[in-house]
Amino acid sequence: MRVTIWNEFRHEKENDTVRSIYPRGIHGAIAEFLEQAGYAVQTRTLDDPEQGLDQETLQQTDVLIWWAHKAHAEVNDHAVERVKKRVLAGMGLIVLHSAHFSKIFRNLMGTTCDLKWREDGEKERIWVVQPSHPITRGLEEYFELPQEEMYGEHFDIPEPDHTLFISWFEGGEVFRSGCTYNRGKGKIFYFRPGHETYPTYYDKNVQTVICNAVEWAAAPSAVVPNYGNTEALEPILRLAKK
Amino acid sequence: MRVTIWNEFRHEKENDTVRSIYPRGIHGAIAEFLEQAGYAVQTRTLDDPEQGLDQETLQQTDVLIWWAHKAHAEVNDHAVERVKKRVLAGMGLIVLHSAHFSKIFRNLMGTTCDLKWREDGEKERIWVVQPSHPITRGLEEYFELPQEEMYGEHFDIPEPDHTLFISWFEGGEVFRSGCTYNRGKGKIFYFRPGHETYPTYYDKNVQTVICNAVEWAAAPSAVVPNYGNTEALEPILRLAKK
Amino acid sequence: MRVTIWNEFRHEKENDTVRSIYPRGIHGAIAEFLEQAGYAVQTRTLDDPEQGLDQETLQQTDVLIWWAHKAHAEVNDHAVERVKKRVLAGMGLIVLHSAHFSKIFRNLMGTTCDLKWREDGEKERIWVVQPSHPITRGLEEYFELPQEEMYGEHFDIPEPDHTLFISWFEGGEVFRSGCTYNRGKGKIFYFRPGHETYPTYYDKNVQTVICNAVEWAAAPSAVVPNYGNTEALEPILRLAKK
Amino acid sequence: MRVTIWNEFRHEKENDTVRSIYPRGIHGAIAEFLEQAGYAVQTRTLDDPEQGLDQETLQQTDVLIWWAHKAHAEVNDHAVERVKKRVLAGMGLIVLHSAHFSKIFRNLMGTTCDLKWREDGEKERIWVVQPSHPITRGLEEYFELPQEEMYGEHFDIPEPDHTLFISWFEGGEVFRSGCTYNRGKGKIFYFRPGHETYPTYYDKNVQTVICNAVEWAAAPSAVVPNYGNTEALEPILRLAKK
């Protein structure tokens, strides 16, 4: 299993607070705990050649993790198309936090993916609402993040195949924080937490969820459907042919 | 309730067989039974000004019906974007037959929407698998079309919110022929039958389904969510602010 | 459309606080706003002959509303079986608040329907998460109940066909407060609010939801599937018969 | 992982044809390929002490496979209740063929689970409609069974979490032949094929599906929700308490 972490990697370069939290980038922090969990990990960023989304990288990737926030518009449309093709062909995709507004996620969802938000350092409590799902393995019935950006409903997404987490926010909102989808032969998991000004990706529960999600999203099926014009499998006899 | 039927309207101009079946166009045939059912109907075609998809037309439309086949690529991307915005804002969308490959449907689904097909004049039997859904009202447990183009699985769509119909084809395939989705505040119904070389839109059961679907897709909700930066509804006291 | 409101009707007889809020019973309060909305309403209670669930009553009912709390075990198993049969045959069912633990709801869900609860007079804020659903028509993006009993996740139900509402509670929990299901030809809506010690059923938003739900749940389909041994619709020729 | 195969085991004792196909019982045939695939398997039958459904057996079982047909009514209600409790607590359940009418399946579904059927030795072609699901791994896009009993829609089940297979029958019917559900913390898979008079459980594709389903259904989550009366996690200050 090969995991690629793609990070916009701009806040960490431009903002001292963010850099002090993630000195090696958000991708670096995620790579660290995934490697410790035994996964083969590579990282790519927006300022890499071909924006880090060249065909070879994607072909070698079983699960792609995507973090982005302020530079969604800079991502090349052809690169987005390449990523989408790979997802539909079976590559898993984990979409983190503000990547709800990434081209790739909106493209795969077909909706605006809009939501409410507030940066006020408030408490988030994330409840498990589907305890039988493999992505929730190893968690208690809820976990807390002492300070996070708030995301609130209505979250303009298609109704998820499965809603795994619902967040309670101190300021009075709720949010569907963990959502699974199938698109083509690929599996997609949206996971809400991870604002760049908080050390969210060092949280053990957040790490557990991301590790579980990698495992869940990677599992490809060998079924390769055929499309297009096709021969009949049974005789077509009952009416005179045209 | 105002229904707009959008038809590519090319086969009917170019092909004698098709024109003999639908002398006033597929849109004309659909308009006729919808008008008889009491709906206010207007029709638009690809060769109309602004491809029939100008802002005013869309604003006046509660439910848009879409038939297209050979000219998907000619539909202007900005027009597709306008239609999508209206769907996400609450306009119903009924996607017929070969419009599975239209830009608007693929855009809203996020998948290739690919499938198997065969033109061999074979029998299709359409089974109701959700008898409690309003779109199935007035049907028997199945209905038949003596000759239709075959569409076969795998149909590369997101798992439907509800699968209403499954087709049996003489040549040995099956197909999810009636599928509902929500996208934003809009409702979408995909309905398989309707190849241009067969008189499918004169079939009473097909007409019943389309009338029911118009009724179902039109019902808008008055809930208008707010998105973006938002004030807290409850005091955020528990941790020192940043 | 004929609506029957079934109420356990015990708290109102035994407890002065509850009686002072609902002097004509919870069923009386619900009947009043449904009648004002133009529905034909009848009420039944646990202490009626045949527990108010005789065959004739059920046959005349298009939508059954069910409130119960402390006497679930007293409801006769044969009566439950009659109600279930009617739901599967197309009668709508609206399950309110503590009726999550009723025999009829558990029976239709197949799960324990267990949950967390706390009686502490706390604030509940109910968010709309599916603004395109007819049950949410006429609401703002959220509404509040100043004091309610808390119900918290995990709520042990099958994943709903559609999750319409999610509640935020002052004490830190969340809850899927509006859930739709299909069972057989019947539609089921679970709606959380309505503890007997608060005037919840006088709240205009709660009334809007219940009126909408009656409308949604009533719509029956005319499709009557046949079950059991059946003749072939096509010749079975390809292998020698047994 | 421990798999228990529960078989009614009556046809094999009473009918020469069936015995000649399954000399060691249907459970024996299933046990054989599961053991070869490396699973720890035990078998139980209706005529065992406590009908083979004693508490100890269930506690030792991660996935229970259930085949039954003519003696559903003989299964003890308390035994059914024990199985149901274990499923809701996380045991996987695989329901085969005519077990659609078993007490345990109807109990977990909440519907009649009725369907059409015909014993006419016709061909069944099973199409994969969700190629990304782990239960479909290792299959081609369809597989055939030369002779099977027909099961036809409408199948009176709740809409599945995921519909994996749809069958085409020579006689003109279709059927949702592979359906997944969650109930409580347990996973359920219904799989259609397996009439006792055909050697279906020796078919390699059928065996692949059952092996995959065991793997899928076994995966338990460690999340153990708490239910019942609960302390507030946040101060409830905003209104005077009752």
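Just so it is clear, A, B, C and D label the chains in written order, and each chain counts residues from 1 on its own.
By our rule, a residue touches a chain if its C-beta (ideal position, glycine included) is under 8 Å from a C-beta of that chain, and two chains touch if they have at least 3 such contacts.
Just so you know, these numbers come straight off a predicted model, no measurement behind them.
> When the contacting C-beta pairs are counted for A-C and for B-C, which pair yields the higher total?
Between A-C and B-C, the larger count of C-beta pairs in contact belongs to B-C.
> Please identify the chain with the largest separation between its CA centroid and the CA centroid of subunit B.
D
> Provide the C-alpha centroid distance between subunit A and subunit C, rounded to the nearest whole angstrom.
Between these chains, centre-to-centre, one finds 36 Å.
> What's the distance between the Cα centroids of subunit B and subunit C, rounded to whole Å?
From the centre of subunit B to the centre of subunit C is 32 Å.
> Residues touching two or more other chains, restricted to subunit B: which are they?
In subunit B, the residues touching two or more other chains are 125, 128, 130-131, 141, 152-154, 159, 161-162, 170, 172-173, 182, 184, 223, 225-226, 233-234, 238.
> Touching residues of subunit C toward subunit D in the complex: what are they?
Those in contact with subunit D are residues 84, 88, 107-112, 114-118, 120-123, 146-147, 150, 152-154, 156, 158-159, 161, 170-173, 181-184, 197, 223, 225-234, 236-239, 241-242.
> Quick check on the complex: what are the subunit B residues that touch subunit D?
Its residues touching subunit D are 125, 127-131, 141, 152-155, 159, 162-163, 166-169, 172-174, 176, 238.
> Quick check: in the complex, which residue numbers of subunit D touch subunit A?
90, 125, 128, 130-134, 136-141, 161-162, 170, 182, 184-187, 219-226, 233-234
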